[in-house]
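These are the structures in question, set out in turn.
Here subunit A shows up in two complexes: once beside subunit B, once beside subunit C.
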Partner chain A sequence: MSQQPMIRVSELHFAYLRGTPMEVTALRGICLEVRRGERVGIIGRAGSGKSTLVQHFNGLLRPDSTGQVLVAGSDLGDPATDFRRIHQQIGLVFQTPEQQLFERLVGDDIAFGPKQLGIERPERRERVRWAMEMVGLDFDAFKDRLTLSLSGGEMRKVAVAGVLALRPEVLVLDESTSGLDPSSRREMLRRLDRLHHEENTTLVLVSSSMEEIAEHVDRVYVLENGSVAMHGSVREVFAHPEQVRKLGLDVPQVTAIAHELALVGLTDGSVPLSVPEGAELLLAALGLHSAQPGALGTGDAR
Partner chain B sequence: MESIQFQRYITIGQYVAGRSLIHRLDPRTKLSAFLFLTLAITFSRSYTANAILLLVTLGLVLAARVSIRYLLSGLRPALPFILLLAIMQLLFYGNAYVPYRMEPVTLWRVGWIHVTNGSIQAVIVSTSRFVELLFLTSLLTNTTRLTDLTHGIEAMLRPYRRLGLPAHELSLVATIALRFLPLLAEQAENILKAQASRGAPIAQRGRLQFVATARQLAVLLVPLFVDAFRRAEDLILAMQARCYAGGRGRTCYVQLQFDRTDALVYGLTLVFSAAMLVLRNWFPI
Partner chain C sequence: MPDSRAEPIVKIRGLRHTFGAGSVRPVHALDAIDLDIFQGEYLAILGHNGSGKSTLARHLNVLLVPTEGEVYVRGMDTRLPQNVLPIRRCVGMVFQVPDNQIVASVVEEDVAFGAENLGVPEPELHERVEWALAAVGMLTFRDREPHRLSAGQKQRVALAGVMAMKPDVLVLDEATSMLDPEGRSQVLSAVRSLNQNEGTTVVAITHLMDEAVEAGRVIVLQRGRIALEGPPHNVLTQVEQMRTLQLDVPQAAELSWLLHQREPSIPGDLLTVREVVEGVRLHAETHTNGRQQPTT
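Up next, the complex of A and B:
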C-alpha cells in the first residue's frame, strides 16, 4: 500500500464571503490526514465547519492563501490541477439530497457522472445497476422513476448511487444517511463497509450519529469552531465522554454506560463501541463470561 | 480558478448592518429618494449629467459607509451582459442614433457597420447608467432591513388602497422576491457544486463557451425552479401555520418615524432629481 496519504490538509483557513461585510470564518488552521483505505469520521456540533472542510477535499472550495490541500499528491491550490480527475477520485455526497438530483429520471441522474467521464453506454448501464444495487434500490423498479416523485429517503439513496457510479477511490458522505429509516440506514452502512473491504475504498463519514461513527469508522476528528479539537482512534476519543460532551457531542450510549460502570469500579475502563462489545464487557464484569484479554483497548486521546 | 461561491457576488438584496445616517433614515424616505434618483438616471443622456449622477451615487455610498469594493463585486456577474450590450450598441446604433448635442460623425466603417461618435456616447452613457442603478439599488437594500422596506412600501401604497390596490399584498410580494434572491444564489451554488462533484465541467473563466454554458444552464435552471416552487409552498404553509391573514385589520408593531432629517433628504433628492430632469437638455456635452 502506498504511504502517500490520500488526502492531506494542512493549516487550512477558510472564510465564506471573504472581502464582504458578511464575512464568516469557517475554518481556522485545520490539519488532517486521510490514508488510503482508511475509514475516517468527522464529527462536531452544527456550524463547526464539517461541511466546509469536506468541500475542500474535492476542490469545490479552495483554501485561502495559507492553507494547503493535497489529494494523492496533487495540490488543489494549483490552478493546473485536473479537477475533473479529482472529482472522480473523491466522491462527495452532500447533505440535502433534493439539491443533488438534477435529471428527470433516476437512471439518467445516476448515469450523469459516468457520462461526464465519457463512459460508453453498456458499461454505463452496468455502473448504474451496480451503484443502485449498492444503495439498495432495485434497478428495474427505479431506473425510470421521476426523481421528483421520490421520497426523501429514496432521494438520499439516489444521491449516494450517483456518486458511487463514478467509482471513486474516496467516498465522502456528508450526513448522507440522516433522514433514512433505521433499517435502510443500517443496510446502507453495511454495504459501504462491504465496499470498503472489497474495493479498499477510503471512507470519510460526516455524521451526527455517534453510534454510526463508533461502528463504521477507524479514526475520528472532532471539530470545534473551525479547528480540530480532538483526534485519534474512535476508542481513544470516546474514552473521554466529558471532553466529548463539552464539544456539544456525546459518546454512544453503550460507551457511556461502560464509563459509568468503570467509575464505580465495576468494569476495567474498557471502551466498548457496540452493543455486543458492551454485553461482553458486562458479562465479564459479572463473572459470567471472560472477555478476551486485549479485545477492548483502553483509550488515550490526544 | 476559484471556489464556487455565488453569494459573494450578489450585492442586491443583502442587508449590511450599520449605523450611518442613511441606515437610520425612514424607509419611506429612502424609497422615495431611490425613486427620484432612478428617474433622474433613466432620463440622463449627456456625459455631464451622468458624471454628476455618478458622483452623487458614490457620495451616497460613502455616506452609508458601505464598502465600494463590495458593491463593485456585485458588478462582476453583470459584466458579460454590459459587454454584450456595448457590442450591440457599437454594431447596430450607427447613423440611426441621434447623439446628444453632437453632429453625428462616422468614426469607423466596415460594410454595413457604422461606428459613430453617437454610438460611443451610447455605450459610455448606458454603462454608467447601469453602474449608477446597480449601486443605488444595492445601496437601498444594503442599508434597509427587509422588514423596514416592506413597511415602507406598504405605507407608501396605502393611499391607493381605496382604489382597490392590495397594498399589503404587493409589499409582501416585493419583500419575498428580494428575500429569495440570495436564497436562489445559494441554491444555484449547491446545484453547481453537486454537478461539479459528479464530473460536470465547471465553466472556465475567460472563455466563451456559449453552447456548453447553455446546456449547463438547462440542467441548472430546472432544479432551481423546482426548488423555488417547493420553497414557496413551504413558505405558504409556514405563514398559514402562524395564522397569517392578509392586510385587512392588520396593525404594525413598527411605527415609522418621519423626522426632520427625513424631510431634508426627501426635499433635497426631490429638488435635485427635478433639476436634473428639467435641465437634461441643457448640459453642454
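Up next, the complex of A and C:
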C-alpha cells in the first residue's frame, strides 16, 4: 500500500468574504495529515473552524496561495486537478443530510451520484443495494419509498448511502450523528466501524460528542480559533482533561473519573476510553482483579 | 419536592393525542398520560425518537389540543379558545434550532420582541431585556447582530427572549442538543439559575443525560406512555431498563452499575463523576486494608 497520505493539509489559511468589511478569518495555518485506512476525529468548540476545514478536503472550498491541500497526491489548488475524481474519492456528509435529498424515491436518490459518474444500470443497482445494506436499509422495502415519507433517522441513512454509493475512499462526517437519538446514533457508528473494517474506508469524524470520538477514532485534532491546538492519539489528547476543557470541550466521564483517581494515586494514569475499559481499570486499582499493566497506555506513550 | 396538596401549575388527565385520526394509518402519539407539574419544579422528559415527548411538550402551550383527555395550565383548559393567549403568556418555549426563533437584526431587539408583543411598557421592557441578557451572560453582546453569533450564543439569546416574557413555565424542547459542550453548559447554567433564583418551573425535553441529571424529577416516555418516573438518581441508574427503552445512561452510572455487578460492595446507583470518584475512594479506604494492593 502506498505510503502517500490520503489527505495532507499544510499551512492552510481561509477567510470568508475576503477583502470586504465583513471578512471573517476561519483558518489560520492548519497542518494535518490523514493516512489511508485511518479514523481521524476533528473536534473543537463551535466556530473553531472544523466545518471550514473539512470542506477543503473535497475542493468545496479552495486553498489560497499560501496553503496546500493534497488528496492522494493531487493538489486541490491546481486548476488542472480532476475534481470529478476528487468528489468520487472523498465523500462528505453534513450535519443535516436530510437537506441533501432531492429525488422523489429513495433508490433514485442513492443512485444519483453513480449516475453522474456515468456508471451503467446493472452496476448502479448493485452499488445502491450495497450502500443501502451498509447503512441498514432493506433494498426491497425502501428503494421505492418516497424520500419525504421517511423519519429523520431514515433520511440520514439515505443521505449516507447516497455518498457511499460513490464508493469513496474517504468518508467525512460533519456532525452527521448529532440530533439523532442514542440508539440510531449507536447503530450508525457501528455501521461505520464495519465499513472501516471491511472496506478499509478512511473515516474523518467531526463531532461534539466526546464519547463518540473516544470509541470510534484513532487520532484526533483539536481546533481552536482556526489553528490546531492539540493533536495525537485519542488517549494522548484525553490524558489532559484540563487542557481539553480550556478549549471548550470535555473528556468522556469515564476518562475524567480515571484522571481524578490517578491524581489521588489510586490508578496508574491509564486513560480508559470506554466504560468496560474503565471498569477493568478500577477493579484492578481496588485489587479486585488482576491488572494488565500498560494495557490501556498512559497517554504519554508514543 | 412537589407538595402533593398544592394545586399543580400543569395538570394533565387521560391525555391522548392521535395524528391523522380517521385516516388509514392513525398514529397514537400519546396514550392516556396523567401528569402533574408543580410550581418551581425542574422536570426532565426523556424518551427515544417517536416516544411522544415533543408531542407532550406541544400540549403545554397549546400548539396542540388533546384528541382525548384534558390539559390545564394554572387551571385553564387548553381546549377553550379564550385560554390560548393567557396560557401562552404563562408557558414559554425554546426549540432545538435557535436560527428559527431569531427575528430581529440586533440582539437587544430580538430579546425584547416577545415581551413587547405582550404589551410590556417601555421602562419595564428595558429592565426585563437587561435582566434576561445578564442572566444568560450575554449583556456585552446586546448591540451585536444575532446571525453572527455562535450556536450556543444564539440559543442563549433565544432563551433570553423567552425569559423576558417572564413565563411561569419554561419548556425546553431539545434546546441544547445541537450545541457543543461549552454552549450546552452555558445554557444549562442559565436555566438552573432561573429555576433556583426566580422559581421558574422548567420542563426539559431531552435525550441528553447532562440535562436530565439537572432535574428534580425525570419521566421516561415509551410509545406515548410514562414508562419510568422518579428523581434522576432512581431513574437514570436503572441501566438495564433504560437500555430496553433505547436510552443511554450517563457513563458514570453505567460504570457504577458494571462495578457493582463484579463487586457488590461498590454501590450500583452512583450517577455523577464526583460520586463515582468518591465511591471508589471510599471503597479503597475501607476494603483494601489487609488486601494486597496491586503493584504495577
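Odds and ends about this structure:
The rule is simple: the second predicted complex is superposed on the first by the 299 of 302 C-alpha atoms of A that agree within 3 Å, B and C clash if a C-alpha of one lies under 4 Å from a C-alpha of the other, contacts with A are read in each partner's own complex, and residues count from 1 in each chain.
Convention: contacts are C-beta pairs under 8 Å (C-beta built on N, C-alpha and C of every residue); 3 or more make two chains touch, one makes a residue touch a chain.
This one's a predicted model, so the numbers in the text were calculated from it and none came from an experiment.
Partners subunit B and subunit C, brought together by superposition on subunit A, fit side by side with no clash.
In the superposed pair of complexes, A:Leu173 makes contact with neither subunit B nor subunit C. Once the two complexes are overlaid on the shared chain, A:Leu203 sits clear of subunit B and of subunit C alike. Contacts of A:Gly162 after superposition on the shared chain: subunit B is touched, whereas subunit C is not. Taking subunit B and subunit C in turn and counting the residues of subunit A each one touches, the greater count comes from C. Superposition on the shared chain A places subunit B and subunit C such that, viewed from the Cα centre of subunit A, they span 80 degrees in steps of 10. Within the superposed three-chain model, A:Glu103 lies in touch with subunit B and out of touch with subunit C [touch as defined at top]. When the shared chain is aligned, subunit C comes close enough to touch A:Ala256, but subunit B does not.
By the document's definition of touching, neither partner reaches A:Leu76: not subunit B, not subunit C. Of the two partner chains, subunit C is the only one touched by A:Leu286; subunit B is not. For the pair subunit B and subunit C, the least inter-chain C-alpha distance in the overlaid model is 5 Å.
Subunit A residues in contact with subunit B (one complex) as well as with subunit C (other complex) do not exist.
Of all residues in subunit A, those touching subunit C in their complex are 45-47, 151-153, 178-184, 208, 210-211, 248-250, 252-254, 256-257, 260-261, 264, 266, 268, 275-276, 278-279, 282-291, 293. Residues 48-50, 96, 150-152, 174, 177-183, 207, 246-248, 250-252, 254-255, 258-259, 262-263, 266, 273, 276-277, 280-281, 283-284, 287-288, 291-294, 296 of subunit C are the ones that touch subunit A when the two sit in their complex. By the touch criterion stated above, subunit B contacts subunit A in their complex at residues 1-5, 7-8, 14, 16-17, 66-67, 69-70, 73, 187, 190-191, 193-202, 219-220, 222-223, 226-227, 230. Subunit A meets subunit B in the complex at residues 16-22, 55, 58, 60-62, 79, 83-84, 87-88, 91-92, 94, 96, 98-103, 112-113, 116-117, 148, 162-163, 166.
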